[in-house]
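Here come two complexes built around chain A, the first alongside chain B, the second alongside chain C.
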Partner chain A sequence: MHPNISKWWQTIKISWSKTLTYRVNFLMQIIGPALVFFFIKYNLWNSIYAGDESTVIAGYRFPEMITYHVWTLVVGLVGISNNSAGISEEIRLGKISSYLIYPFNFWEFHTASFLAFEVIQYLVASITLVILFYIGVLPDVSALHTVLGFIFCFFVACFWFSMQFIVGLIAFWLNETWSIRIILITLTSFLSGYLIPLELYPSWLTDILAYTPFPYLSFYPVKIFMGDTTHFFSGLAILIGWSFVSFFVGSLIFKKGVRLYTAAGM
Partner chain B sequence: MCPISINMIETKKLRKSFKSFKKEPGVMGSVKSLFHREYITKNAVEDFDLSIETGEMVALLGPNGAGKTTLMKMFTGIIVPSDGEVLVAGHKPFLREKQFRKKVAIVMGQKSQLWWDLPAMDSFLLLQKYYEIPPKAFKKRLDLMNDILRVGDLLHVHMRKMSLGERMKMELIASLLHAPEVIFLDEPTIGLDVMAQENIRKFIHDYHAENKVTVVLTSHYMADVQALCKRLVLIFNGMKGFDGPIEKFEKILGHEKILSITSSEAIDLDHPLLANYSPTFSNKFRTVELKIPEDQLSEIGAQILQQLPIIDFSTEKLPIERVMKTLVECPDILLKDRSAP
Partner chain C sequence: MKNKITATISHYLSVYMSFASTSFAKAMDFRLNFILLIILDICFYSTTLASVDILYDHVTTIGPWKRDQLMFFLSFMLFIDYLHMSLVSESFWQLSFKVRTGELDFEILKPISILFSVFFRYVRPSGVPLFFVTSSILIYHGLKVELSLFNWIMLPILIFLSFTLRIILEFAIATVTFWMVETISINFVRMQLQSLGRWPDFVYSSYPKRIFTTIFPILMVGSAPAHFLLEGNSFRYIFYLLACIVIFSFVLKYFWKKGLDQYDSASS
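And now, the complex of A and B:
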């Protein structure tokens, strides 16, 4: 195996064993999002529709609305679940020093860990999907659209990871990036269609959102899962473009930030 | 013909300054600091010139906050110097080239570099890949270090479950697996019990003797320095205070030996034999410490043994500890020493 590939592969394997070290954490990672879905989203929309099958909200009947949210759950699991807390903490506590010394750098380590995390999340999402299908929450599933959706979600995850990497790097300048993380996550949840379908928003807002990457993080991938592949290729192109931009911005920020790094606490 | 000396570490006018802001205490101070901040720039390392030859083991000493760790961080490329030149193993460390990273290692007594959630062996295997160590060499080095440090049973234990001494052994192994050319040891024995300190010290000594690597060591334990290094570099407020052999350092305060004697009965304060050697009494006047010129030590020692009912007699084991203590309390001595012809 090429030495570089074996560095990445070993890091991925190590990330898996780290995830599996804490069994309760791992279990919570699997069932947490599904519980949130049931207790909040399902019950909320159940009360809004008040059991009336004929009510249509923004083009969605109750079962369709639930289907939409099941898919947001899946997109959330594989696409936008990675968080930057770890990156910030490593900078703030001076742990990044190790990656400045080892011949495998900070970005490589975190990207390899992200890939390892993605594999686990795909597994978790598949299990969740099978369970939801068997309990009847998800009536129609198309194998082709599921595969296309999962492919699309990988690019969502790549973009989200590079965004998270940038937010994590802000720790070079700020001691605490918690507020920025929350702002980004809240904004993304609203503007990507993760909380409610974008059809419920006024048209001027959706017109503006069309020029941002937000709808591609939840709304369009959900649509792909639900059978509408109109935006598959254009969406991929947009996500890849944004991922490149954020990758370059990230490496620029890293170069600037690392000059300020004092390795506090070392 | 002059012998060619190849320097492993070379610095010229090296400087690192840190900027921080002054904050008044309390909540009001925090609120004020939101609107107005007064910044202070402090030179952690200033005008630092240093040459360390390949294969040397040098101690870098100084009180807390003197700039030792800042220097170590600049040598390893963790932080970028503000000014001046630094060359380690022929590389500018702050460029962090992968070839450079393979030549250096750092062990920090106060900070673990290995992954806490993993057994040591998993970390070692990861480092094997990172440093591209051939499997045979990896096994050979690991077995060798395992033989000396006896960590066999611990290799499969999670790092977070190990004692400080055990963790330090693992950190040392991790740092040496790739056979670095230069090793930076930042307080490797801090917080360890006496036995563990001695084990680590012996390991470093033997490893250096066998592999002829360059070692830069910082420690607050003078026993480490005395046992391991021939040369000592002292740093005070970011500036070099002394650079030379330990023997010379020991003599900064004068060519005197400290002799401590304990008598079975109280010693006469004005005893004629002791009066000239600045006696300091303790233990109900039964113990006295004397400063005796080196060349008179055996003669005076013999006379004392003859004239007093001595039950204990010793010369100081770590003269550099006394010198360090005196210098920390009164750094001006160094300035005087340097201005002396």
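And now, the complex of A and C:
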């Protein structure tokens, strides 16, 4: 076995152990907000449709609208939930000194932790999906489209992780980066179709959004889960392209930033 | 007696001015962060209002309310959020840290109310410019729903009552920190309850609505004043609001005392 594979595997196992040791934190910080947000959206749309299942809003009847939001819940859990808050904290508190010495670098460590997190999130999303299906909130599920959707979501998660990694690296210059992280999350939720389907947005806005990666973070993955695979391959290509760009930008920022690093506390 | 009350109020005001002054001094050391916090809040206000505005391009009413009424409700809630973020939000995160590390010892030793020193210690200076943003949004939407002169006079009183209820409820939740090992996570529960309260009560179905207007009345923070202002000045809403404030003040006092008894001072 390549020696690095073992390091990746050990890091993944440590990450699982860390996440599952603080189960209440995990439940309240990652799963809880997604479920509460879905609960609010369910009630809101129920109130908007006022119990009339024949009403059509931007092409969606009530069951379809709820199905859309069930899938945004899944995309939110597996695609855009990683916040990489630890990256900026490690830089700020001078903890990255060890990565400069160890034969397993900073990026490798955080990417392995991200992969571990994704495995747990896929498990949580699958359980959530089964529960929602059995209580009748999700009326119809296609196995093929669910698999395709989950594959797509993995690439969403990779791009989202690389964005979060860049935001974390800004800690080389800024004392606090959480505000930038929340700005990114707020804008992404709004512009990606996570809050409401993009079909409801004015056409001038969706025309602009077509030139950005935002719709690929929620709207298109949800559409794939719902059976529309038109953008599957083009979407994957765009996400992979953006992930490479952000990976190289992240590498450049790390190289620049590490020159400024003062190893606080050493 | 009167002199004693005046002296106490002026003492607490002077302490609060010192808290604010040190918060401002600290914020000015991190100016970019100060600007980012303003941008963050403006992003939040814009996306919240825009989402509802987009919904109303496709429907005429949500529940019994038309666009202007729900936009007024949202701008009211954003103003309460703004007060919360500017005046107390930072203190909740600090409480978790202080309980975990034992730093709460220093607060207990201070010759002022511990609730005051814990929850009003940190002021967010980015709130000063944001006051003009949030109050302009509220006034604009107040004009759109054509509030009467009486309602304009009542508006600051209702803001005060709503903000008071909101912070009492959240202080009460924060007391759970004393019984938890993972103290940070309780803040996420608090934030989810804030999200629930950002929508009017009629959005929720029967059971959640009952729970969140009686057992834990987070929906009363925005819905009671909005119903009062938009639906014919029924004073029962103000009565509900006052009753919730009084009842939950006692709940807070009880759990805070129990929590302090539970606190085992990690640093000593």
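The rule we apply is simple: the second predicted complex is superposed on the first by the 256 of 266 C-alpha atoms of A that agree within 3 Å, B and C clash if a C-alpha of one lies under 4 Å from a C-alpha of the other, contacts with A are read in each partner's own complex, and residues count from 1 in each chain.
Throughout what follows, a residue touches a chain if its C-beta (ideal position, glycine included) is under 8 Å from a C-beta of that chain, and two chains touch if they have at least 3 such contacts.
Everything numeric here is computed off the predicted structure, so don't read it as measured data.
Chemist: First (chain B), second (chain C), both or neither: which does A:Thr230 touch?
Modeler: neither
Chemist: Quick one: classify A:Ser142 as touching chain B (first), chain C (second), both or neither.
Modeler: neither
Chemist: Can you tell me whether chain B or chain C touches more residues on chain A?
Modeler: For chain A, the partner with the higher number of touched residues is C.
Chemist: Once the structures are superposed on A, label A:Lys18 by its partner contacts, choosing first (chain B), second (chain C), both or neither.
Modeler: A:Lys18: touches chain B, not chain C.
Chemist: First (chain B), second (chain C), both or neither: which does A:Leu100 touch?
Modeler: A:Leu100 contacts chain B only, not chain C.
Chemist: Between chain B and chain C, whom does A:Gly32 touch in the aligned arrangement: first, second, both, or neither?
Modeler: second
Chemist: Looking at the overlay, what does A:Arg259 touch: chain B (first), chain C (second), both, or neither?
Modeler: first
Chemist: Overlap of the chain B and chain C footprints on chain A, residue-wise?
Modeler: Of chain A, residues 22 contact chain B in one complex and chain C in the other.
Chemist: Per the contact definition, I'd like the list of chain A residues that touch chain B in the complex.
Modeler: Residues in contact with chain B: 3, 6-7, 9-11, 14, 17-18, 21-22, 94, 97-98, 100-105, 258-259, 261-263, 265-266.
Chemist: Given the complex with chain A, which residues does chain C contribute to the contact?
Modeler: For chain C paired with chain A, touching residues are 30, 32-33, 36-37, 39-40, 43-44, 47, 50-51, 54-55, 57-59, 62-63, 180-182, 184-186, 188-189, 191-192, 195-196, 199, 202-205, 208.
Chemist: For a test of understanding, state which residues of chain B touch chain A in their complex under the given definition.
Modeler: Residues 18, 69, 73, 76-80, 96, 98, 101-102, 104-106, 108, 110-111, 113, 115, 117-118, 122, 125-127, 129-132, 158 of chain B touch chain A in their complex.
Chemist: Per the contact definition, I'd like the list of chain A residues that touch chain C in the complex.
Modeler: 22, 24-25, 27-29, 32-33, 36-37, 39-40, 43-44, 46-48, 57-58, 174-176, 179-180, 182-183, 186-187, 189-190, 195-196, 200-202
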